[in-house]
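Since the structure comes first, as structure tokens, the remarks are kept for the end.
Residue numbering begins at 1 within each chain, and the chains themselves are lettered A, B, C, D, E and F in the order written.
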Amino acid sequence: MMNYPYPQLERPSFKWNRNVNEDPKVHEWIQTIPDEGDMDWSNVDVTILGVPLSRSSISASAASENPDAMRRAWKSFSTYNIDYDIDLSALRVVDLGDTRQHVTDIETCHRHVVEAMESGRKIHPHTIPLTLGGDHSITAMLIKGLKRAEPHNRIGLLQFDTHFDLRDLETFGPANGTPVRNLIESGTVKGEDVYNIGLHGFFNVKSLKTYADQVGLQYVTMREARRRGVESVVNEAIKKLSEKVDTIYMTVDMDVLDMTQGPAAPASTPGGMRTDELFEAVTLAGTSPHVKAMDIVCLDPTKDVGDFTIKAAVHTMLSFLTGLSMRGK
Amino acid sequence: MMNYPYPQLERPSFKWNRNVNEDPKVHEWIQTIPDEGDMDWSNVDVTILGVPLSRSSISASAASENPDAMRRAWKSFSTYNIDYDIDLSALRVVDLGDTRQHVTDIETCHRHVVEAMESGRKIHPHTIPLTLGGDHSITAMLIKGLKRAEPHNRIGLLQFDTHFDLRDLETFGPANGTPVRNLIESGTVKGEDVYNIGLHGFFNVKSLKTYADQVGLQYVTMREARRRGVESVVNEAIKKLSEKVDTIYMTVDMDVLDMTQGPAAPASTPGGMRTDELFEAVTLAGTSPHVKAMDIVCLDPTKDVGDFTIKAAVHTMLSFLTGLSMRGK
Amino acid sequence: MMNYPYPQLERPSFKWNRNVNEDPKVHEWIQTIPDEGDMDWSNVDVTILGVPLSRSSISASAASENPDAMRRAWKSFSTYNIDYDIDLSALRVVDLGDTRQHVTDIETCHRHVVEAMESGRKIHPHTIPLTLGGDHSITAMLIKGLKRAEPHNRIGLLQFDTHFDLRDLETFGPANGTPVRNLIESGTVKGEDVYNIGLHGFFNVKSLKTYADQVGLQYVTMREARRRGVESVVNEAIKKLSEKVDTIYMTVDMDVLDMTQGPAAPASTPGGMRTDELFEAVTLAGTSPHVKAMDIVCLDPTKDVGDFTIKAAVHTMLSFLTGLSMRGK
Amino acid sequence: MMNYPYPQLERPSFKWNRNVNEDPKVHEWIQTIPDEGDMDWSNVDVTILGVPLSRSSISASAASENPDAMRRAWKSFSTYNIDYDIDLSALRVVDLGDTRQHVTDIETCHRHVVEAMESGRKIHPHTIPLTLGGDHSITAMLIKGLKRAEPHNRIGLLQFDTHFDLRDLETFGPANGTPVRNLIESGTVKGEDVYNIGLHGFFNVKSLKTYADQVGLQYVTMREARRRGVESVVNEAIKKLSEKVDTIYMTVDMDVLDMTQGPAAPASTPGGMRTDELFEAVTLAGTSPHVKAMDIVCLDPTKDVGDFTIKAAVHTMLSFLTGLSMRGK
Amino acid sequence: MMNYPYPQLERPSFKWNRNVNEDPKVHEWIQTIPDEGDMDWSNVDVTILGVPLSRSSISASAASENPDAMRRAWKSFSTYNIDYDIDLSALRVVDLGDTRQHVTDIETCHRHVVEAMESGRKIHPHTIPLTLGGDHSITAMLIKGLKRAEPHNRIGLLQFDTHFDLRDLETFGPANGTPVRNLIESGTVKGEDVYNIGLHGFFNVKSLKTYADQVGLQYVTMREARRRGVESVVNEAIKKLSEKVDTIYMTVDMDVLDMTQGPAAPASTPGGMRTDELFEAVTLAGTSPHVKAMDIVCLDPTKDVGDFTIKAAVHTMLSFLTGLSMRGK
Amino acid sequence: MMNYPYPQLERPSFKWNRNVNEDPKVHEWIQTIPDEGDMDWSNVDVTILGVPLSRSSISASAASENPDAMRRAWKSFSTYNIDYDIDLSALRVVDLGDTRQHVTDIETCHRHVVEAMESGRKIHPHTIPLTLGGDHSITAMLIKGLKRAEPHNRIGLLQFDTHFDLRDLETFGPANGTPVRNLIESGTVKGEDVYNIGLHGFFNVKSLKTYADQVGLQYVTMREARRRGVESVVNEAIKKLSEKVDTIYMTVDMDVLDMTQGPAAPASTPGGMRTDELFEAVTLAGTSPHVKAMDIVCLDPTKDVGDFTIKAAVHTMLSFLTGLSMRGK
């Protein structure tokens, strides 16, 4: 059996029995690394990474179970998107497995995430990394890994989120409430290169808004986005970021969704984004060649109702790949 | 006790205690056939048929429990629709009961459906048949029964559905994934006389889309319908079909709904139709004199959350009757 | 320990441990009456009253558990509303506790509600009373108490509700289906001073619509409100009422919500109002100086799904306070 | 249509379609009063009465929905009890329907219960009345009705319950916590003629135990019953009561069950009775000719988990009828 | 890739990533057939077969999802049984996958089951077949397959079940209510060679009991088993059957469990067997060299509460293997 | 306001409104430290400590929410235990609040637990500490704190648990699978001074059993305990430990319960202990003067079904206090 190429990773815990045919389901299409022999990375388009970490979440969360839950839910989706007449099966997508975890040492868990992203950028730099969290703390680690691999890359953040995620690092450490602060304070991403869409209601304290303004962070509240149209807001965000940065990293915190459509995101709220708006937004972002990485975080599948959120998350991932497929068309 | 008029049917398993008064609830208004004496069909407007069959469903389903679940839910609805100032109690609606089932012989179950529709068309041809499924396989049987009774009737299909239901008959047989293919291949309905509204996302494989195009099937995706407005799309569909066919048969697969509003439809998805859009669409269709039959299928009440879907289904049925009441006004 | 100032009330069953800081959560901000010493009412802006009564509900309800459920849910909300850049912590809000209940004597329960409102208007007339029900029967009692304290005040009712609540008093008594009839027949509020937004579908019988028309009650159905825009409808309602009445009492029956967004309101229905529409409407109403009292009723937290409704209710209450904060700005 | 014989009652809200055959299900076997023509009471053995009242419950309860829930659950039971080789279909059982309710007047609700029992004892005194509650307040009313019809009948109470139900009448009124106190203080039943089985743990306050001892009430705690064997305890209870009273009225508060087996009884607790123990106990009691009436109370079907409690309640009712069938054998 | 050895079977839909180590979990220990190269059957002790069929169930069931649900639940169990100090990892167990299904042709589904068992007995006759259903109709097919492979084998049935499963074949066909009748009427198993443990309450009609007596079927009701001790009853059953038959086939219908411990078995009932009794019984049966095949049926994982039933089913399977490991010790 | 006496602790997040009366509920009886003025510890019998920590759990857990969940559930219990005729209100119990948490630094969280126990032993050494976890990792910290305060105290562990909790410290760190190993390897408790009751089935790997035997750890499996009677086993355990140790620390991992009675303990299993057995065991242990500390761990209230587990946990705590009340009687 081949040595697994990443020391920080383990293979996915299970492998679907793939029936290769004309009309695949998503679980039959996404590949894993072969048990024996070497992997040919040359024609891989997208690599999927699971980060089963949520002990760094402020409130108790089982977002650690999300990567496997999304893998199981792939079975309900075909690769063909009728809205855009695009078949994703033209892309080659490889599931790398999950970052290794330590039960009581969160720092080690985070280090594995940084290193896995860094290694990936070195082993197969041409692929688009798509990460399935885990809680939002991992976004800071993923972007740090990216920065380590490509130090001169100016990275911007397109964030779909009900929250700023700008809480105080000293009090919380690298938790799911602090990744954006972490990135700004560590100099990895500039405040002005962050663009948040989805803030609304009573879910951010005033001092964080003040901080956001001080560092020049850009944001459009959900209420404003709804009035202007989510598509137009996303277009503007991408346009603005593209003028400044080399790479747009897109992070989707599932709590951006209205809580009735994202009940498994423990911090989702009433009045949030609808799934059809999110799919539209993410597809659109996928079409931009500046968007070179994506993650989906803060989905605790044990809290789901009728698989609403887990299916929305898979659809979000596939919507991004749809946009990706349309690039240059 | 009178012999029941249909050999393929059994009476509803229970009968509401009817309190006839000025302001009835739906369960007090809808009648059953009298235990003794003959039924006078002359002033009946609508006949309701239950088809408690779902063992022909691809994935396990208890849609067989839907007819009784809808009957129980009638209790939560009055006959008066304040949106249109229409009181349905002016219509006379009779619940015929359910088609007889066989536990292990699906063909017999289906034959009873064909025959029940055929008989109904002969016994009380002036009534509008409204069928409560069961899974979507029954739509093929209901239309075949209609065709048998009226062989020269050109029948078109107005389908609200997330799926084409065009899967391969040889592989699946007359299952819930194949009714439209079944109708086309058997020559009962022409491909061009099918109009599907609600397809979207990653829930249809590409080869079925190719087949649909080959047979001239018409469809508007959910995304497009949302952009153009569901009402305008429905108006166009009815106009186009009315130019060609004698009878429009309307089938509502409850999985057309967004999964958060139709959780009991096992194949409902994120990004689907909202209930208010569906009610509007079905009311509108009800006003067209071409629409002469309707069914509601693929609702498994055991999977419901807070009665969301079962109440939406009853509302859909009553919305159609509202449209019917407005005909010629 | 100080005698509690209201004989009809008991303190809240529990008290949050308040951490006074720059960025409070709602539960840290809302105060209770001190255990010892006198209360200084002079700078109190809003008083909150719980009415844990639902044995007067037509169908079985545990809306009696709502006041405590909302108090517990305060913990999930900060005081800062980013949509309007308003921090509620500038307001001083005091939780008075709950009206005393009798297990088998509904009349006594109702009398306590009337007296509590009357007393409040006398002890701290400058505060805005905000009541957390309880079923809708209490709205009649609250307004009667208001009227007793201020007999020359002409009171209008702005009602967000799926129902008229005009059922026959003789048959039902002061139940949750009769408060508006109760107010009209007792001469407390004129029919023409009631403005209902949210009626729709098959949830009101025809004779009540006839009665509503006879007494000149004003209403805009949900369907019409959606077409015209909820904001424009609310603006018109407030404008019309403000021309005639001294005080607009706003009552929000949570069953006005679509059942998927308000599952804990036992009579919520498919096709109802969305939460974002309700928040917008209530914020807008809050900005009007005529709106001088509010209640939120008919939320049975034991029927909730994923806290959808309880969080929507807290958000509704905070949206009103946001509007209040914007008055005169 | 025949006038219904009881002014205090309404027919059951629905009627099962009865298929009379060799091997009936319980819902096919239990009869209702004919729509037309007179009822022949002479060969009726048992009459069933529903009391859909729970607004007299201390904590919010939907036990009012229990009578219909039990009627629906009859469908899952055959009439044949293989444990005892007894077929209940030899008994003739008639469902009288439900006592009429008033939404806001609990006294009227209770009066109907008293009168319905009194009337029943006069119209068909030879039948065994079996009542489906409703909350436990109704037991006081049922026994008062019995006493009114047969003033010289000394009535004892065999109570399966986690609680004494001896709370203070002045504070609570005729609520579900007070029926036994009510019966004792009104002189309807002597304290010494009450025999309670199932008390345990921390669910009764000390002062009630003191009161129970003062009035000579007999009880065996669940812990003691488990050690001695439930059967032996029930045998002793019946023996002791039979020596003193003419009629043993058996009341089963479903909260006597362990909460994992009776989750729909809101006050059921850990450490309670198992269902197999309860069925054994009730069957045994049924064999005693002194046991002449039974009720089942405090089951709120909206709180059930997987129908555990509602099925246990039907089994309890049928176990009693099994015992009844064995009398004199 | 090797052709799969059975035409009637498909590989399991997914494969666990096996970490071979000293202390395996069950999912790491059970093997599947290698993707390439031949299978060496010589040292295989037990073969597992999934039968994802439940459209032959009388009431709607998703027992078809049980084989995969059990495979997923293996992850929660280690191979070491501390009660008996037995480590199952000494056994070699191979998961053969699932029988192929047809959506609308139940007869074909059943034929695949017969043939799969027959083939297995020929390809690796020394292994113990352990089947994961599916509904109870499959037991008739499995035993017929066994009989076809070994026509002179006298087969007895040790059945743990709440029901006789002796319903009329003509009415129901080969459904989940008829397998024992099917075996008896087809001459595959003699009535006297069937031993049922677990019948109780009101869940069997009298005529089936009469039939059972006529054909000499043996049974001990749950009530009697509880009084005599389940172990003693199982010992007697095995002793009696062993005197007459060559092979004891053990079938466990999960509805034998008390419904609170087996909520996912749709026909489980109050008063049924406890899990600890079932584990004891099955371990004991496993120790008998006459018991040469086992199945577990009628578990619909979509109805489970907190994984109670699915974990009980895996524990039942492992208990049998524990008994098997103790043979000859 | 008084400075809180413990730097490692925060007050309970909320305080019940205490109604001091003759017949208190548990939430009215248990006190908190006064907001102002000094605490008089002299007549305090028991101190309660919450440890809202579960990020040290191997599988994701919200056991951190247990302390507040238990506090809320106190409301359902009176202080009087009718099984033993003991009223707990004679004891004085003080709730100290919760240990301070850090989101991403588990070591700090654990240090606070050690220090809180150590401080408690110094500030009020005569009180019995009763801790509400949190996951099982905290037991190691609590006992280490005890040992620090009283270095010459030989401490034994009476453990009710399905698991050994002896996993490898190097791999897992101080997680919920390692506390007993942690205590043994750190020399805090001797292997022979640990007595485990409740191990059973397939939930411990063989190598841990080997380790347990090597260090002389004592245990009785659940199966054996059931055969010998739980009481007799507990008596023996206490007797054996009392001969060797000064202090018996009792730890109850709620996963010792059968999963149907302890569904909120994520690792509870089929075949576990019944609640009535656990209450009996813990009451008995409470009577022993050697038992000087107790904890209840691994209860994740978000996974509960119908409050089964949370109520069982409160009952367990009160059962211990019942035993405590009986000491010396």
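Everything that follows uses one rule, which is that a contact is a pair of C-beta atoms (placed from the backbone, for glycine too) under 8 Å apart; a residue touches a chain by one contact, two chains touch by 3 or more.
Only a predicted model underlies this, so the values are computations on that prediction, with no experimental measurement involved.
Enquirer: Listed by label, which chains are in contact with subunit E and with subunit F?
Expert: Touching subunit E as well as subunit F, we find A, D.
Enquirer: How short can a path of touching chains from subunit A to subunit D be, counted in steps?
Expert: Minimum number of steps from subunit A to subunit D: 2.
Enquirer: Based on the averaged CA atom positions, which chain is farthest from subunit B?
Expert: Of all the other chains, the one whose centre lies farthest from subunit B is F.
Enquirer: Between A-E, B-D or D-F, which shows the same interface as E-F, counting it as a repeat when over half of the contact pairs match?
Expert: Answer for E-F: the repeating interface is D-F.
Enquirer: Measuring between Cα centroids, what's the chain most distant from subunit A?
Expert: It is D.
Enquirer: Sort out for me whether B-E or A-E is joined by the greater number of C-beta contact pairs.
Expert: Output for the comparison: B-E.
Enquirer: Using the average of all C-alpha atoms in each chain as its centre, how far is it in Å between subunit B and subunit C?
Expert: About 41 Å, centre to centre.
Enquirer: Roughly how far is subunit C from subunit E, going centre to centre by Cα mean, in whole Å?
Expert: Measuring from centre to centre gives 58 Å for this pair.
Enquirer: Of all the residues in subunit C, which ones touch at least 2 other chains?
Expert: In subunit C, 260, 303, 305 touch at least two other chains.
Enquirer: Check the chains against each other and report every pair that touches.
Expert: Once each pair is checked, the touching ones are A-B, A-C, A-E, A-F, B-C, B-D, B-E, C-D, C-F, D-E, D-F, E-F.
Enquirer: In the complex, go through subunit B and note every residue touching subunit D.
Expert: Per the touch definition, subunit B meets subunit D at residues 10-17.
Enquirer: In the complex, go through subunit C and note every residue touching subunit B.
Expert: Checking each residue of subunit C against subunit B gives 199-209, 221-224, 226, 258-260, 263, 269-271, 303, 305.
Enquirer: For a test of understanding, state which residues of subunit C touch subunit D in their complex under the given definition.
Expert: 54-58, 60-65, 102-106, 137, 172-175, 177, 300, 302-303
Enquirer: Subunit F touches which residues of subunit E in the complex?
Expert: 22-23, 26, 77-83, 85, 87, 260-261, 275-276, 279, 305-308, 311-312, 315, 318
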